[in-house]
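Just so it is clear, A, B and C label the chains in written order, and each chain counts residues from 1 on its own.
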Amino acid sequence: MEIKQVPPQVTKENIPDEWFTPREKNKNEQERLARPSLSYWKDAWRRLSKNYLAMSGLVFIVILIFMAIFGPILSPYEASTGVLSMQYQPPSAEHWFGTDNAGRDVFTRTWEGARISLFVGFMAALIDVTIGIIWGGISGYKGGRTDNVMMRIIEILYGIPYLLVVILLLVVLGPSLMTIIIALTVTGWVGMARIVRGQVMQIKNYEYILASKAFGTKTSRIIRRGLLPNSMGPIIVQMTLTVPSAIFAEAFLSFIGLGISSPNASWGVMANDSLGAILSGNWWTLFFPAFFISLTMFAFNVLGDGLQDALDPKLRK
Amino acid sequence: MLKYILKKLLIMLFTLWIIITLTFVLMVSVPGSPFNSESSSNEIVQQNLEKHYNLDKPMHIQYLLYLKSVVTFDFGPSIKQPNQTVNDLLGRGFPISAELGIVTIIVALISGITLGILAALRHNRIIDYAAMAIAVLGISIPNFILATLLIQQLSVNWGIFPVATWKSWSHMVLPVLALATGPMAIIARLTRSTMLEVLTQDYIKMARAKGLAPWKIIVKHALRNALMPVVTIMGTLFVGIMTGSFVIEQIFAIPGMGKYFVESINHRDFPVIMGTTVFYSSFLIIMLFLVDIAYGILDPRIKVNNKEGD
Amino acid sequence: MEKILEVTDLHVTFATYGGTVQAVRGVDFHLNKGETLAIVGESGCGKSVTVNAIMRLIPNPPGRITNGKILFKGQDLTKLKEKKMRSIRGVDISMIFQDPMTALNPTLTIGNQLMEGLKQHHDVTDKEAKRRALEMLDLVGIPNPEERLKQYPHQFSGGMRQRIVIAIALICEPELLIADEPTTALDVTIQAQILELFERIQEVTGVSIILITHDLGVVAKIADRVAVMYAGKIIETGMKREIFYRPQHPYTKGLLESVPRLDTKGKLQPIEGTPPDLFSPPTGCPFTARCPFAMEVCDKVYPESTAMSDSHTVNCWLQDERAKKVLATMATN
């Protein structure tokens, strides 16, 4: 776009006569009027990448995933076996994060714990999203009686204090990683189902969905192609926020002795093992698991917040 | 309104029934008789238990008798502490847990709402950023980690507060702090976001156009509407606090219900597990129900549109 | 005639992430006592911002009145302290909003919302306030006012709610009423009723009205004078019949031609194109890009206003002597 600056001395009287001729239509004028349009995902990414807090969360998560995979391999020590004579060594060149009450290397155990935390977190989010999309999608799309019954079931499940159910299940099934994940997802999918239902109910009344219905498109196709892609935003946000709460739940359960148990490494177990140690001043046994679990949850939370802002079409400018 | 309450009541009763049944099914499906384990060393206790739970009778009779015992609030004796019934343990532990829970939720509400309002009114300024930084940290640090860190710093290193037990107000500070931080953060974030949304509403503009004083607009028009969503999550938060207190009571050696519950799990003391689960769930579900009713009273729209009130 | 309001060279800007939006760029108009002025224009042209500036309800930040005067009964509202301004809002100047479904607080009773303005500004007893509220509900035509006072907004229909909003605006007997698209969100039949209500309250109370609308039908029904706004400027203003029968600005003509009418045949003529980007508004006439009569000069210099009559002015280069021959050649093409 070209702006011709007019010298200030131009007044009504001294405007040259030749300016009073029909104006040439500028070719690119019409194109200029249409603002450059970005696709939804590109636009969201652009906004997310400007959010430094969320981006640092993302970077931390990537690093954590890398370390969870390669950390234990790189370390010369075993995570679950230690040398008792090497008990409570402070951080040093050999043991970067020190050693714990059984002489195990805290560095190795931290990444072993990251494996468990991330595995539980991602699995829980994945299972939640699968059940949630199916349940919420059907409930929201069908509406009417189906929706009513499905929502009542959700309402009932929602009322059950989930930690109690989880604990009961763990008591009966016996603690293991799989039990924890099953226990977490038994009630965990409810939140996701509610979100999907809300989205689907909103979107299904839009014209383009009504149009494809009028053409006789199959229901499953409408849900897969029309509804889900357009409700992905809130679903992704909810997934991101499910991960830290699952990580928390695993740590919590391991901490009270219902999840992973010593000598296996989990951040919850490590925190519990070090309860006695903090009184004697061996701070590192608590510090590292505490630091990493908090930072991991922080990273997922800020990423979730950032995604929420980035994916919310209301904020689009 | 009556229809709304009845609907919620029905759902509550149904939820309760599911919890009670679930507990029963899970306990029955534990391999072997739960009372034959090596932990129940006392012969007499075991006979009492078998009798109490009618283990010799067919399953459906067992179930009905179990339902009866729940309704009559008779959870039977403990295995580990032979001279104690589950009711004794509940009677001793529950008041302490409830006290901890109530103090915590009050602290979380007051600090969370204040922080949220301040952040919203100073949107995109330093107070806002600081408040939200505190809030994200509060959500990210697990309560048991915070508890241990607090003990390490404030009790062991600096000696400001007592390490454990439950005797005076100063004993309360650390557990309440550890337990309240998470809910406070959640309340602060929710208050801020709803407050920001409410402040852009037309009725706020209208109130300004009437020439009302700013504090009046905030207190009378904005706050009430902004706090509605906070009321809706109160129930869930309270549930979170009460279950969270399991681990906090463990760490601080507070003789509340959580302590008995965790102990009973570690000892596989099934009557106590069943009793506490049922009692606790009922308590929490009733709390959720009361919050729903409170919400219905606060929001005049619910009285009519209860069909859309989901 | 006594001027109750006089706005001169008003500029309002908004700071956004993408830069500064110049929403209002030098607006002049006045309002006589007891008359109804309609400000017309398409969405985003700055009409709402203009009236919000009069009420000093522009959220700051991001919005700011950067220049200009708003003289209300001789005092400049842009210079007033916020506290003094509060004593004018609702008392001397009131405002009605577009959507009655959102303008009332859902958690407070109608009576409460009606009376709070009165209680804020006047020292009245509860009894007096209630009597006055009942009077107002009666004036705006709400049956069973006694009972209705205790009800909540969701118990009223859209049209009823707009009547209540009007009652709230009028309860302190303001001299100036600003109505921002008061009928846009309503059904057509309800629209007519609300417009009649405006006429009636003006008869009863003698209030002066600024009406913002994009609906020329509304203008035809109740306006005395009309100001046409485009891209943050008023481009033509005049008495209603002058604007409707002798429009001078090509934009005004375009607006009138894009309204369906029963008495003319032929196709509706939409105005091609979209308004300019107010992040970097053009130096010349903002309508140039869409104007069928655009000349080289239009792009470069903004036209001064030309008086067509005592009440009718227009800002367009076509009024210049030198443009006449261009028009003539265009007509032959």
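One rule holds for everything that comes next: a contact is a pair of C-beta atoms (placed from the backbone, for glycine too) under 8 Å apart; a residue touches a chain by one contact, two chains touch by 3 or more.
These are the chains along with the protein names UniProt gives them: A = ABC transporter permease; C = ABC transporter ATP-binding protein.
Source: prediction; values computed, not measured.
Engineer: If you tally contacting C-beta pairs, which pair wins, A-C or A-B?
Structural biologist: Spelling it out, more C-beta pairs touch across A-B than across the other pair.
Engineer: Taking each chain's centre as the mean of its C-alpha atoms, which one ends up farthest from the centre of chain A?
Structural biologist: Looking at centroid distances, C is the chain farthest away.
Engineer: Between chain B and chain C, tell me the centre distance in angstrom, where each centre is the average of that chain's C-alpha atoms.
Structural biologist: Their C-alpha centroids are separated by 53 Å.
Engineer: At what distance in angstrom does the C-alpha mean of chain C lie from that of chain A?
Structural biologist: Each chain's C-alpha centroid was found; their separation is 46 Å.
Engineer: So the centre of each chain is just the mean of its C-alpha atoms; given that, what is the distance between chain A and chain B in Å?
Structural biologist: 25
Engineer: What part of chain B is in contact with chain A in the complex they form?
Structural biologist: For chain B paired with chain A, touching residues are 11-12, 14-15, 18-19, 22-23, 26-27, 29-30, 136-137, 139-142, 144-145, 148-149, 151-152, 156, 239, 242-243, 246-247, 250-251, 262, 265-266, 268, 273, 277, 280-281, 284-285, 288, 310.
Engineer: Within the complex, which stretch of chain C touches chain B?
Structural biologist: Residue list for chain C touching chain B: 55, 57, 86-91, 94-95, 97-99, 102-108, 116-117, 120-121, 152, 154-155, 165, 168-169.
Engineer: Can you list the residues on chain A that touch chain B in the complex?
Structural biologist: Within the complex, chain A contacts chain B at residues 151-152, 155-156, 159-161, 163-165, 167-169, 171-172, 244, 248, 251-252, 255-258, 268, 271, 274-275, 278-279, 281, 283, 286, 290, 293-295, 297-298, 301-302, 305.
Engineer: Note which residues of chain B are touching chain C in the complex, please.
Structural biologist: 201-203, 205-213, 216, 220-221, 224-225, 228, 298-301, 304-305
Engineer: What residues on chain A touch chain C, complex-wise?
Structural biologist: Where chain A meets chain C, its residues are 1, 3-6, 10, 12, 15, 17-23, 26, 29-30, 33, 35, 317.
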